[in-house]
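Shared between the two complexes below is subunit A, which pairs with subunit B and subunit C, respectively.
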Partner chain A sequence: MVVLRDGRKLIGTLRSFDQFANLVLQDTIERIYVGNCYGDIPRGIFLIRGENVVLLGEIDLDKEERSNLREIPVEEVLVAQREEMEAKQRLEKIRSRVLHEQGFCVDNSQNDLY
Partner chain B sequence: MLPLSLLHTAAGHPLLVELKNGETFNGHLVNCDNWMNLTLREVIQTSPDGDRFWRLPECYIRGNTIKYLNVPEEIVDMVKEDEAKARQARRGRENGYNNRGRGQNRGRGGQNHRGGSGGQRGGGNMGSRA
Partner chain C sequence: MLFYSFFKTLVDQKVTVELKNDLAITGTLKSVDQFLNIKLDDIMVIDEERYPHMSSVKNCFIRGSVVRYVQLPSQAVDTALLQDAARREAAQPTPQQANVRVK
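Up next, the complex of A and B:
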């Protein structure tokens, strides 16, 4: 599983990499997690530019079987994800307003969570 | 196969590029270089929200703005063919260089064969590593 800076989780077979940690993933699925649930979107072959990768790790298939998360249809998970994003954005707005009042400099680049 | 060589193999094929700002570009890859700069043809550009679309006959994308690329499945099969072809070319070239040096020793028998198989062994190793 590869985690990107925009928060996406991609699961696939690592085919190759280079000195910049550019990755080639095959049979990739994008898995969206909301609460205890997740939804998968099949994506095919990805060539990921290394600087956008936060981390990657090998999936332990035994732990996968024993996980408590349940799979739900993609449409549902996308709706749930949007709601979660909106809630987070509302909180972030309040937070940045308060910080700004206190004199802090607020950076709102939402694409890069890291 | 290295990521950038996969990209070179994908030239002429349609692919999707997502930039760091979330814009997506769907088009046919014309060319690419070592910095991942790309030129695409017949491109559909989509805004990050997915609400606005543009059609561009050609476009150039600077490599450092790219988040990722989505390439079609067929590319992987093409990659294997391309690697085999590259290996053949390399072996042919090495045999040519070896024979040029060893041409004078043809009368002495075994040396040509040793030189030839040495070239192949090297090519084989490089192939499996990639």
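Up next, the complex of A and C:
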């Protein structure tokens, strides 16, 4: 499983890599997690540029069987994800307003979504 | 090169790597490379509930560029030696090798 800087989680078979941590993933699925649930989107073959890679984790199939995450249909998870994003953005808006009122400088550039 | 050598002395120690995205992972340091990429075995994620995607991962590779901190056991570090090496490095930095691609 590859975690990218934009927050995406891609699961696939690692076919190759190089010194920049560029990766080739086969039979990739993008897995979106919201709360205890997840939804999969099939994506095919990915060539990932190394600079976007946060971490590469080896999935332990036994551990995966024992996990308590439920798979739900993609449409549902996308809706849930959007709601979660909106909630986060509202909180962030309040947070930056309060900080601004206190005299802090609000930094909007550090928004690596991961 | 200094910290690459330093991390090599810490292989097989339990460390906690804190990433720039605030994810913190504890594990056994299995390997390090010139870019300070880190391989951790038998990981445990701090504050697991926030990161459900890590629940089925036991070993991972972490790109050096995303690391914020590496928390180490203090007994594992010879601070005098490290300080001395750092002083030497500051006085005479070793020439940085260009990344050679072997055909």
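Convention: the second predicted complex is superposed on the first by the 110 of 114 C-alpha atoms of A that agree within 3 Å, B and C clash if a C-alpha of one lies under 4 Å from a C-alpha of the other, contacts with A are read in each partner's own complex, and residues count from 1 in each chain.
Assume a contact is a pair of C-beta atoms (placed from the backbone, for glycine too) under 8 Å apart; a residue touches a chain by one contact, two chains touch by 3 or more.
Note that the structure is a prediction, hence the values are computed from the model and not measured.
When both complexes are overlaid on subunit A, subunit B and subunit C end up sitting side by side without clashing.
For subunit A, the partner with contacts to more residues, out of subunit B and subunit C, is C.
Contacts of A:R70 after superposition on the shared chain: neither subunit B nor subunit C is touched. By the document's definition of touching, of the two partners only subunit C reaches A:Y33; subunit B does not. Within the superposed three-chain model, A:S16 lies in touch with subunit B and out of touch with subunit C [touch as defined at top]. Look at A:R49: by the touch rule set out above, it reaches subunit B but stays clear of subunit C. Rounded to the nearest 10, the angle at the Cα centre of subunit A between the centres of subunit B and subunit C is 80 degrees. Figure legend note: subunit B and subunit C, brought together by superposition on chain A, show a least Cα distance of 10 Å. The residues of subunit A shared by its contacts with subunit B and with subunit C are 5, 51, 112. By the touch criterion given at the top, residues 4-6, 15-18, 22-24, 26, 43-49, 51-52, 111-112 of subunit A touch subunit B in their complex. For subunit B in complex with subunit A, the touching residues are 1-4, 6-7, 20-22, 36, 48, 63-64, 66-73, 75-76, 130. On the subunit C side of its complex with subunit A, the touching residues are 19-21, 35, 37, 43, 52-63, 65-66, 99, 101. The touching residues of subunit A, counted against subunit C in their complex, run 1, 3, 5, 9, 19, 21, 31, 33, 35-36, 38, 50-51, 53-61, 63-64, 67, 69, 112, 114.
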